[in-house]
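This is the structure I have questions about; it appears just below.
Just so it is clear, A, B and C label the chains in written order, and each chain counts residues from 1 on its own.
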Amino acid sequence: MFFQQVVNGLTIGSMYALVAIGYTMVFGVLKLVNFSHGSVFMVGAYLTLELSLALGGNFFLAAAMSLVLTGMLGVVIDRAALRRLRVKKADRITALISTLGVGTILDNAVMIGFGSETKAFPNVLQLGRFTIGTTVISWVQVIILALALVLMAIMSVIVYRTQMGCAMRATSQNADAARLMGINVNQVIAFTFFIGSLLASIAGTMYGMYYEAIDPLMGSVISMKTFACVVLGGVGVLPGAMLGGLLIGVVEAVGASYISSGYRDAIAFAILILVLVLRPQGILGKKVADKL
Amino acid sequence: MKKTIKLVSVGLCLLLGLLTGCGGETASADTDGGSAGGNTSGSSSSGSSSEDGGDVIRIGFFAPLTGNSMQYGVSFQNAINMKVDELNQAGGIDGKQIEIVAFDDKNDPKEAVNIANKIVADPSIQVAIGSFSSSCSMAAAPVFDEAGILHLGPTASHPDFVNMGDKAFTIAMPMKFEGAADAEYAYKKTGGKDMAVIYLNSDYGVSHSSVFKDAYEALGGKVVAFEEFIPGQTKDFTPIITKIKQENPGALFVIADYSDGANIFKQAKNLELNCDLIGPGMLIKDEFIDVAGDAVDGLLMLSTLPIYSEEDRENEDSAKAAFVSEYQDLYGVIPDGFPANAYDCITLITNMISKVGYDAEALAGEFRQVGRYEGVSGNIAVDPDTKEVKRDLMVYTIVNGKYAVDEIVPST
Amino acid sequence: MAFLEIEDLHVHYGAIHALKGIHIQVEQGEIVTLIGSNGAGKTTTMNTAAGLLKPSQGKIIFQGEDITRFDAPQVVKRGICLSPEGRQVFPELSVLENLTLGAYLRPPKEREETIAVVYDLFPRIKERMHQPAGTLSGGEQQMLAVGRALMGKPKLLMLDEPSLGLAPIIIQEIFDLIVRINQLGTTILLVEQNAKMALRISHRGYVLETGRIVLSDRAEALLNSEQVRAAYLGG
């Protein structure tokens, strides 16, 4: 049973990782916890579903459109809810509350627009399962894990090997100094939101395909937990988001089976607290000296 | 200038917040001026009179109208409004129009208590119908009991509910009977196989599962796994399912709503857990079949509430058919057991009001004497002493993508 | 019209009136110093000229163009680069990455040549090319900050308190380098608390006190003035 639980946990964790990667990008660049990220993830899934129905079943086109539309949603959120706060040099906490508000609006808008019922989600990857010993693994699980790794690698390349990526890192370390370099910080931020939301859309579509169902609250359910994954792995560190996600997923699965299923979240969060007490910057995080 | 604008907008926001916070909408025949029902100041603004014997009969109603249980609350409201509009158009009760003072409790027990306080502060309301979940109904019950209001919980199946006040009523079978009936049926049907139970952590889930377990074991069966989950916490039940699989159960009883239930059955299938599948009536929704697909072939759903289909419109004579057609014509969907239940609630209450008048004490007395009532939601038997309700148990399966009655087990 | 003309500049932080109508001129090829005590408004002046702050009144004119309403990237494009107060290097980026970012708006082919010039001026940071900037010493970070600003090939280089927190020997080194940069053709606007050293290398200077220019003269004259000596050069 243990091995099966690890597989279960890695799957749960890969889902978290997919969402956490987008979360950590925005957090990394803006030092902002974007609490609307979970809701954007949910919107991405809904867009894929509804477009797929509207396009008469053309799933891949729908998923592709959802990517772009959700990415744009991220840009709109930044523009509408956050940019003005930056201009006015508002407290970080104000921006945080603003994202909470956006998340609530998105959740309720989808509920009102599409109903609060759970909806069936098409699974175009009917690839079946295979067994190793007594452990059952479905191919979709393998794909999701692989996808998370691939996306993480792509994001790392963007952040560490491109001009825009360098500008993103500069902005995250010192936005004013970045401006002095001639970097259009607003554009960098908009790009970050675009990418982060695009990732959320991918995560949403994969989530929908795997569980074959979506509902308007799936985002807020996962939001807190993936935030915990980000913090656990090290904020702003892409491999950290991945590691944090997988770790919490496995802890949850193993904890639920060997300790108590009712307390699964509590166990996961307990581990998070333990790690943070011992290593506040997260597992892969760097100790950042406070800038003046 | 900027400061004044800020002050004014803050003031406006506060004002709006107050107004929207004050209770919900009034539905159906709104006779006197549009007072937004539910002002805490007892007598609502101009128009509707608040003394007994006024020309409006105001009945309180609360249920989740927004949030993730909104589909249930809204269906309750639809059924109630349908009946009330029908009565009002025929002249009301003794010439008095009926007004439903509705509130949205968002399936939050704290909100239910707030609403209960608002309702009892209004002396014209003698009856309150609500809520959907046992948690909310039970949270509000003490408030109604202290004020002497008749509280009718359409789906309050928790065994303690009717004991929370001598005017606390329900037409739902309490869990202690339903759970026992489920266990008896499950034991008979599976031949006493080892049973695994997965249940949601709510008042309903906890009471249903523990009654079921005790009854199943009393019959000589073994419950080899008993796992709870917190609803809304996750969609991934694979850890629990894997744990259960270890115990090699012959049957699995899942107490969850249709959304979590569908996920559980699907994931059980993916993990190749093969055994008999049983679930409660809570699972029965169209979306359940959509989402669960073939993972629920052979699933038996035990319900004390019926479900309807197009065919049920046909039978000209029955009140059931009239209910189904009227509801579908008005709201565009076929009703299920939940609005049917709410419909029976409002029908019973309004029948009693025309018999003994609009007074909580008198109505409570009348309710105890109901005896056996044939409602659109099934046969209801009310015990005059305990107020406990017994109903027939209906066993549903899924045939060709639709629900079908497999068996009906009458109440003893 | 001077190379850089700051006219009647007023800057507010909310209700605080930080700059109360200052006039500053810089001619091409000069080194001009702005001295004053803490809180006088020196950094506010620099940040406003650089486009990080918006003035509430007044004008900034560079090479005849009104750049008052420009934001930082636009100012950089026009050829003004600032090495800000406190150095403000990107701590987790390497020295090389910091320098490369300085040339963000410049054509990429130019980069190699400009970096060579900067390394030539500051050999110490060349040694640390791949180290994270945050691990450099104060003096090295200052050199990096100046070098980074130079990567933008500015026509006007602005330096905000380059001596802050540095040992006297390093300060001397840095000021020598500033002179060299000026000799290579860059106009320099310098803001300094270390009035003596700054005025020694400058052509002209301004004295700023609580948001106003109280003195403006040739650097030598300021160095010899009783007023300035008493307030800023003593000890």
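Brief remarks follow.
Operating definition for what follows: a contact is a pair of C-beta atoms (placed from the backbone, for glycine too) under 8 Å apart; a residue touches a chain by one contact, two chains touch by 3 or more.
Since the model is a prediction, treat every value here as computed from it, not as a measurement.
Looking at contact counts per chain pair, the maximum sits at A-B.
Chain A has its Cα centroid nearest to the centroid of all protein Cα atoms in the structure.
Rounded to whole angstrom units, the spacing between the C-alpha centres of chain A and chain C is 42.
If each chain is reduced to the centroid of its CA atoms, chain A and chain B end up 36 Å from each other. Rounded to whole angstrom, the centroid-to-centroid distance between chain B and chain C, based on C-alpha atoms, equals 72 Å.
Of all residues in chain A, those touching chain C in their complex are 163, 166-167, 169-170, 173-174, 176-184, 286, 288-289, 291-292. The touching residues of chain A, when paired with chain B in their complex, are 1, 4-5, 8-9, 11-12, 15, 108, 111, 115-120, 129, 136, 138, 211-213, 215-218, 221, 252-254, 256-257, 261-262, 264-265.
Across the interface of their complex, chain A is touched by residues 50-52, 71-73, 76-77, 81-82, 84, 86, 88-93, 97, 100-102, 104-105, 134, 148-149, 152 of chain C.
Contact residues of chain B toward chain A in the complex are 66-71, 201, 227-230, 232-236, 238-240, 242-243, 245-246, 258-259, 262-263, 266, 270-272, 285, 287, 290-291, 293.
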